[in-house]
Structures are given as C-alpha cells and as structure tokens.
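Both complexes shown next keep chain A, but they swap its partner, so chain B is in the first and chain C is in the second.
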Partner chain A sequence: MTKDAILLAPSTGYLLLGLFSLLWIGLGIYWGRRNKSFEDHALAGRNVGLALGSATAAATWITSNTTMLAPQFALQLGIWGMLAYSTAAFGLILFAPMARRIRQLMPHGYTSGDFFRLRYGRTAWGIFMLFTLFYSLTWLVSMAMAGGILLEALAGIDYVWGMTVILAVCVIYTMRGGLAAVIGTDFIQSLIILVGIVVVGFAVLQNVSVGEIHANLTAHKPQLVEVLFPAAIMALFNNLLFGLGEVFHNNVWWSRAFAFREGVGSKAFLIGGLVWFPIPVAAGFIALASGALGVGVPSPDMVGPLVIANVLGEVGAVAIFIIVFCSLASSIDSLLAATSDLITEDIYRKLIKPAATPERLKKVAQIVTLLLGLGTWAVCVPRLGTLATVLFFAGPLVGAMIWPIVAGLYWRRATSVGAIGGMLLGGGVGLVSYFAIGWYVASTIATAVSMVWVLGAAWLSNDQYDWNLLKEA
Partner chain B sequence: MARHLIGRPASSEATGCRQGDRQDGQGPIFPDFSVNTGRKALFFLLLPLLFLGASLAPAQAQSPAFKDAGPLATDTGHLLIEWDAPGEVTLLVAKSANLADADPVYRGDYDAYFLSGLADGSYTLVLEGEGGARSEPVMLEVAHQSLPRALWLTLVGLIITLGIVIAIVKGARDD
Partner chain C sequence: MTFSSGFLSILVYGALIWCALSAIGLGALLVRDMSRGESW
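Here is the complex of A and B:
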C-alpha cells in the first residue's frame, strides 16, 4: 500500500460527491434569485443578520487546512502545535471591533482595496493588490488541489475529476448566487462540520482515554508533550500573526464587514472566532491519539482521516468525506466571490470603466468568477506539488500588512511612507527569515519589522488624515 | 549478502559445472532422447514453472531498504521516512547502535511513516521484513533549534500581539 490510503468505496464517494454538488448548486441558484445589481451580488444587499454572519465567519475560516493541517500541526509540534493552530481564531476575534470601525468609516465601501487606495494612495494600493492577489490565488489553487488530492485519497476518485467537480460546483453557485449563496451555503456547511467534529471527538474518546494518549506520547513521542519545544513555541505567535494578517487584509473578511447589517459585524466575528477556536484543538487531539490507537501515519496530512476511519470504520470515512467536502467548498466559494469582487471593483470599475452600471458590474463579477475558476483549474491539472507550498510564502507578506491596516484605521498620523515601507521591508525581511530559519518565524519577524517602520513613520509625521475621504468609496 | 540469494539457483561458478551438464557428471541434461516421451513432456511442462519460481523467489525474500540511506538530520524532531519493501515491515527506532532498546514504532504494509516527537539525540533506524530480513541501518541525528532564540522570538511575538490588541482596543479615542 502507498501513502495514499483509500478509506471509502469509489461508488460511495461518487454518490456523496453528486448529492452534495446538487445540493450546493440548487441552494446557490435559490439564494441568488433576487440579485439584481453588483451590490446585491457582491455584498448580499448589505443586510446579512447575526446567525448567518456568525456562521459564515466560522465556516469560511474552517478550510480543509483546519481539518487536515491542524492534526498535522499536532503530530509535528505536539500540544503547542495544536494550540498554535487555534490561535488563528484571534484573527476573527480581533477583527470584530475592526469590522465596526470599517463599517463606520466606509459605509459605502466594497473592498479592502478601496481602503488602501483612499487611505494611502495608488502606490500602497498597488503593493497591497500584488500581495493580496498572490495570497488569494495561491490559497485558491492550494484549496482546489487539496480537494482533488483528498477525494482521491479518501475514495479513490480520480484527482482531476474530484478537483474539477469541486471547482465547478463552487464556480456555478458563486456565479449564480454571489455572496448571498456563499453565506447561505456556509451556514449549512458550518453546522455539518461542527456536528461532525464533535461526533468524531467523542468517538475517539470512547476508544482511548486521555491518560493512555499521554502515556503513549511520553514513551514514544516525548517532544510532543515537552513545554520547551523550540520550534513549537516559535510557531505559537507566528501562527497567531499569520492568522491576523490573513483576516485583517483579505477581502474575504472585508466584504463580510460591508455585507453585515449595521451593528452585526462585531458580534458576528466575535461569535465566529469563539466557535472556531476549539475546532483545531479537537482535530489536533485526534492526531495525538494516533499512537495510542496504533494507527500508522504514512503521510502527516492524512493523520486525521486515518484515525477517524480507524475508530469509526466506514461511517467515519463517510463523515470525513462530507466534512472535507464542506470545508473545501466553504473556503473556495468565499475566495472566488471575494477575489472576483476585488478585481471587478478595484481594477474594472476604478481603472477601466468608472461609469459601468450596477447590472454591468454584476455581469463582470460573474465573468471574473468563471475566469478565476478556469484559471485555477488549468493551474491545478498538472498537480505540481510545489504549488501548495507556495502558500506558506504568503505568511510574511500578510504579516507585513497588519500594522499598515491597524494604524490606517485608527490613527490620523499613519502615513503612506509608513504603509509602503512596512509592507516592503516587513515582507522582504520575513521572506529572508523564512529561508534562513524556518516558516515558524517568518510571520513574526515580518510583522515586527513592519511594526517598527509604521510606528516610526507615524511618530515622525505631522499628518492629520481626514476620515471623510474614506466615505467616497 | 547471503540472505539476498535465498531461493535463487546456485550459479555455475559456485557449482563448477557448465550449463547443460548434469551435476552428477553423467553427461548432458538435454537433448537426451534416450528418456521416454512422458518424462520428456513432463520436463518441458515443468521448465517454465521452474523459471517462474526462480524469478519470483528473490522478490519474496528481498530485504526492505530505506529510500534515503542517510545519515538523516532534523531540527524539529520530525521527518518522513520512506522505504521499498515487498510486503509488511516493522520500523524499529533505537537509541543504541546495537538496537538493544529498539522501539517498534510501525508495523504494516505502508511504504512510509511520519516519525515525530523525537527528543535531542542520535537514533538508529532499521526495517525488518516479514521473513526477518533486516535493512541496512540508517542514522538519524536530532538537534532541536536553539531554545534561547525560540524564547526571544516568542517574546517578540507577544509584544507585537499586545501592541496590536492595545491599538485596536484603545481605538481612535483621539478623534
């Protein structure tokens, strides 16, 4: 047997794939039927309530990485690794007050690109667009690739078929339904994922006690329960800052801040963060139990599915298949919607056709979604393994954007020089440290360098930015 | 190595005979038309099976082998170990070179195992096949990253995070 373990009969896999594909497309078309303008399509009419808002925040943040990479973190870095992954919840929790501020400063805003252009000017906006498109597109490609690989590993579904179906389903319902469809399907997907993870966690505990897991780790993998595990304690704040950078800058989250009803954003992101926090702990716990359960792990990213299938048999394999499909769809649809909005608003409307009608903009957003899907598919077909690892280069880039965003939202004295220097210097030094030391320090160092530059520039500046300029968007 | 030759026919050099000779020195094995037709037919029927057996036998008894002959090193205590083996294997990890304290960390038919959670030290890795055949040992050196540097970077991370929290919570009070 190879590293690619097949846990489910391909016929069952195809059946589940077909059923869930029909469900998401049907719901997407249903929820998108009232969309008339770009505002309806991109921001769901700016009228999303608390329940849907909280669910979409949690579901979008539960990617296939949460269900696959969180167990891998625990297997590699032990208890600290498990907690390090959970710290990404602070991205949502700290974005809660920022969402209120964003909505207050930019009541007519569409994208995070609008903020950079109006607050810091074209040069900073250009750098931001470069960084965020790199991050979004590599995330999109890595999710689609992960989808194909996981469906093949779980049910023997051919990689190209699995990847194509997941992408096609997400493209169809995002094109038809826009953000309303994305948020609606996220609500159902988040419920399925949460119930699945809780059931699996209890099932594992029925088979092995916490005491047995600890004894097994102490005897065979002592470093995983070691308090002073160097790589793991470095990963703690690095992952936290990576998470903050991802949420603070990306249009996936800004579009939701604009879409949520007045007063909903701060509560929805807080609840979403609190709901998300225990999920990597539960997923990581499953990985730590692998040794005590006698499950051999031939590939670290497959530890979660292998343990679940071992404990729950075919029912577990079906459960992990559905959880993985839901977590992939909930992230791919959000990325497609947010990235197409960013390109439509920041490039098409602002640079090419400022006089475009709302109906025309909606059409353009749909075409961009389709093109993004086709482009992602073309990049994913050759299955180049190195592409997925490129996403980790984004760690220092997103870390370097934290301080320009926080300072720009709250301080009149924050300057363009500070934002541009912070992003370029932080991103550059962070990338160097990525290769010189390791991924587990790159975001920390990038954020530190960016912070020093942004704070220094603001301290030396006499600027008094007029917040009303942000209302233009 | 001797165990690689289990099941293989002995070579002509080893036996001192030429091909086609009987090993008892009674003349050529074939063509020998003095034997009866039934025995001859049986001989030609069994001949392909002999060749088939000869070609399969070495594979069954082949020793497992690591894909990377090492020595291996890691500064995080984890790495993926891969191997080639015809069937089920046991991966043994020991701190002593003579494998006296060998820990069987994996037994099964996968061709890889993700080893993690290793503390600082030197380890010897050995694969044991179904028939007891063992691979060449591979040395693994685990030397974790510098703890003082890790603690400093953690402190830096804490300070940055506190700065961000303060900036957001304090908000725009001066506006």
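Here is the complex of A and C:
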C-alpha cells in the first residue's frame, strides 16, 4: 500500500477517528459504572441476553481481515475464495452446542484455561497457555498493525498515529467497561458493518451487473470462476479448520459462553454464525468487480476500498473507513478483554494470589489490559510482517487444539497424554507443513495429526473422568 | 467447468439480502429483549 491509495482527505479521516473514539470511550465508561467485581468486569454479570450475545459473537468474528482480506481472497482465489472465507462461520455455528455444554459443566468457570487445568492437569494447561497466548497476541498485533496500515492507506493518517489511536481507544473503554462495554459496543459495530456492507454492495451493483462481472472474469481471469481450482479448494478446508480451532480454544469465545445467560449461549453462537456467514461474499464480490469496472489494483489487500472509492467517490471512502474502524475495534476490544481475563484468572489468581478479593482481581484485570495495550503498541511501532502471514502462522497451533477440547468436553476417556501429544505433535507437524508446503494445508495437517493422537489415546485408555471436577472453577 | 453467471448472481444478491435481514433481525431481537428486561 502506498500514498497513491489514499482515498479520503486526512482532515475527514481525523474527524471520523475523533468522533468514533469519543463514542466508544463514552459508552465504555457509561456501561462500566455497574461493574463492582471481577465477575462483573470479566463476564458482564453472567446475564447477557440473546440479542447482545448474537451480535457480539458475529461482531468479534468480523475483523479487518473479514472486510479487507475477503476481497483479497476473491481476487486471488475467485468464487471459491469467497466461499472458503465464509466457512469460518462454522467455527461459531459448531461452537453453539459446545457453549451449552461448557455452561452446564462449568457453571462457575471463567476461562478456557480453567478447563484445560481441571480436565487435563498442569502440563497440558501450560502448553495450552503458550499456544493460546501466542495466537491471541499475534491476532492482537496483526489487528493493531492492520489498523495503522489501513488508516494510513485510506486517509493518509500517519501509521503510528492511527495504530496508537485505535489501540488507545480500545484499551480505555475495555479497561473502564470490561466485557459489558465490549459487548455493548459490539452490537452497535455489528449493525454499522452490516448496513455499511449492504449499502456499499448494492451501490456497486448499480454501476456494474453480476453478468458483466462474470463475463469479464471468464474472458480475462477464467481460473477465478473455475469449479475445479485445487489451491482454492484446499484453502476452503484449511480456513474451515483454522476457524474451528480459533473459536474452540480461545478465551474470547469461552468468556462469552460463561457470560451469556443460562440457555442463551447455543442460540447466540448459532445466530452469530448465521449473521457472519454471508459477509465474506458480500464484501468479497467487490474485488471480482474490479476488472469489469476498469479499476487498477496496485496492491491486492486494498482492492475492496479501491473499487468502492472509485465507484462511490468520497461517500464510499467514508463508508469503508467507518466499516474498517468498527471491524477493528470489535475484535481488538474482545481480544484485550479475553486475554486480560486469561492472565488475571489463570496466572495471577491461580498461581500468584489465590486469596485475592474480587475488587483486587478487577483492578489487576484493568492493569493487565493496559499492559497488553502498551506491549502490543511497542511491537507494532516497527511495522514488521504483513496482514495475512503473521496470523496464518498461528493456524497449525490452533488446529492442534480442536480435538483435545472436543474430546475433553464430551468423552470421559480423553486423557492428558492424548491432549499433550495432540497439541505438541499436531502443532509441530503443522508448522513443518506450513514451511515445507504452504499455509493452505498447515491447519488441515495439524488437525488431522492431533485427531489421530487424541482419539487413539482415548480409545486405548480406561480412564473415566468425573465431570464434577470441572465445577470447581 | 465454470461457475455460471446465474450462480454468481444468487451468491451475491443472496449474501447482500442475508446481511440486510441479519441487521433487521438483530435490531428486532434487541427490542424484544429490552421489552422483556432481558438484554443483560
């Protein structure tokens, strides 16, 4: 991305940035007033309803990758690319029954770390913490970096300034409002994103028909409409498994399973997944229109904004700026809250200060959120790596955690040997595949290796785990 | 073998209409939850 890609006057960009920053911080402070204890702060009082629950599931899963990388997938992998990206919705949809099971088995639970510690013991918990913190921090850094890069490309706002403002706004309202602020802002952000995508999508279709897009692709890039496109089909399975691994293991989703009111979790994740499912197609087809519209694409990861700004002018640029800002905030705030809860509950409370009061734990969670923000900022300033590659590096690690979680939740015979071996072997072989073959097979191979080990170990064992042990959390 | 223009139309219009209905549905769900005092 270069200065040539700037679509919006910097003054308009700064104005939008300021207005939305004030809105999110104001709402965060307002919603944070009722938080007294760590449970209020981390889990919004365990009483979140269906509408807010569904919206937060969808909004958190709508990252800047969804709105920016989905068009890139479409541009490079065609129709299969959009569909491949949409399969990430199955992470939320298949987590729906698990959310109900988690709430039943762990009515007093706080984090996914609690599950690993109680189900598989300290060693498995340690490996899980390493994997999940690596993934969460990678995701956090990639989102913050994407924020800086996108604001610079869209409105000419200096990278460090844009990244700093987005991160600072999310840190402030997450510190003050905890999960309640995150869920409340997620609802507004999800509506803004959905309406924005619909308006932009139909506006693009006023300028070029689907028939013209298809004819142009058939003439100039026929592989993008091919039914048999091997790399794209492999990407579909890889993305599906990456999505499953991300949702199944991460505390972003577990904390919501604990926070939703009894009976709400499974419905909220199902609706959230269904809300998310069409977004990669609705955002991605815009990239396929670039040829028919005659829009030059100097950088594939900017194809969406470039097409929109070319077709809709300044109004389109403002729309994409707002959509991107909301997509970034809805993911960064959730990651800050969930990772801070994980460190506060699993490390501070369980290892350092078991007798800490609820008020003290809330204060610690706020300090950890601040430190996470500062650490992320320090890593992002040098601007290393690219949007996609940094996050895909974590793919095999999260793929390797799918089976230890699924087996551990539903099968008494699942063992810690199976979980430890599954994570280490699956993650290791997956990482080797990542470098030896490519990102598009790494998660698939990691998941397959982990599955064989976890299920094999459970099949050979005679253990009968007592589910009541999970109620301790 | 290629995806047809009709398939692409269904995919694109279907996704956009689905997104619009999702936004309306989420708004309606919130109104329902708030009227019952169950939003959170």
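The working rule: the second predicted complex is superposed on the first by the 466 of 473 C-alpha atoms of A that agree within 3 Å, B and C clash if a C-alpha of one lies under 4 Å from a C-alpha of the other, contacts with A are read in each partner's own complex, and residues count from 1 in each chain.
Definition applied: a residue touches a chain if its C-beta (ideal position, glycine included) is under 8 Å from a C-beta of that chain, and two chains touch if they have at least 3 such contacts.
Given the structure is predicted, the values throughout are model-derived calculations rather than measurements.
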Just checking: does A:A55 make contact with chain B only, chain C only, both, or neither of them? Give me first, second, both or neither. second
Just checking: does A:A400 make contact with chain B only, chain C only, both, or neither of them? Give me first, second, both or neither. neither
So in the superposed three-chain picture, is A:V210 touching just chain B, just chain C, both, or none of them (first/second/both/neither)? second
Which of chain B and chain C A:P222 touches, first, second, both or neither: both
Please indicate which partner A:I233 is in contact with in the superposed arrangement: first for chain B, second for chain C, both, or neither. first
Could you look at A:L241 and tell me whether it touches chain B, chain C, both or neither (first, second, both, neither)? first
Could you say whether A:Q76 touches chain B, chain C, both of them, or neither, answering first, second, both or neither? first
Using the superposition on chain A as set up above, list the residues of chain A that contact both chain B and chain C. 222, 226, 228
Within the complex, chain A is touched by chain B residues 75-78, 80, 103, 105-114, 116-119, 144-147, 149-151, 153-154, 156-158, 160-161, 163-165, 167-172, 174-175
Quick check on the complex: what are the chain C residues that touch chain A? 1-5, 7-9, 11-16, 18-20, 22-23, 25-27, 29-30, 32-33, 38-40
Listed in rising order, chain A residues that touch chain B in their complex are 1-3, 5, 75-78, 90, 94, 97-98, 101, 217, 220-224, 226, 228-231, 233-234, 236-238, 240-241, 244, 296-300, 303, 402-403, 406-407, 409-412, 438, 441, 444-445, 447-448, 451, 467
Complex interface listing, chain A residues touching chain C: 44-45, 47-52, 54-55, 58, 79, 82, 180, 183, 187, 190-191, 194-195, 197-198, 201-202, 205, 210-211, 213-215, 218, 222, 225-228, 261, 271, 274-275, 277-279, 281-282, 285
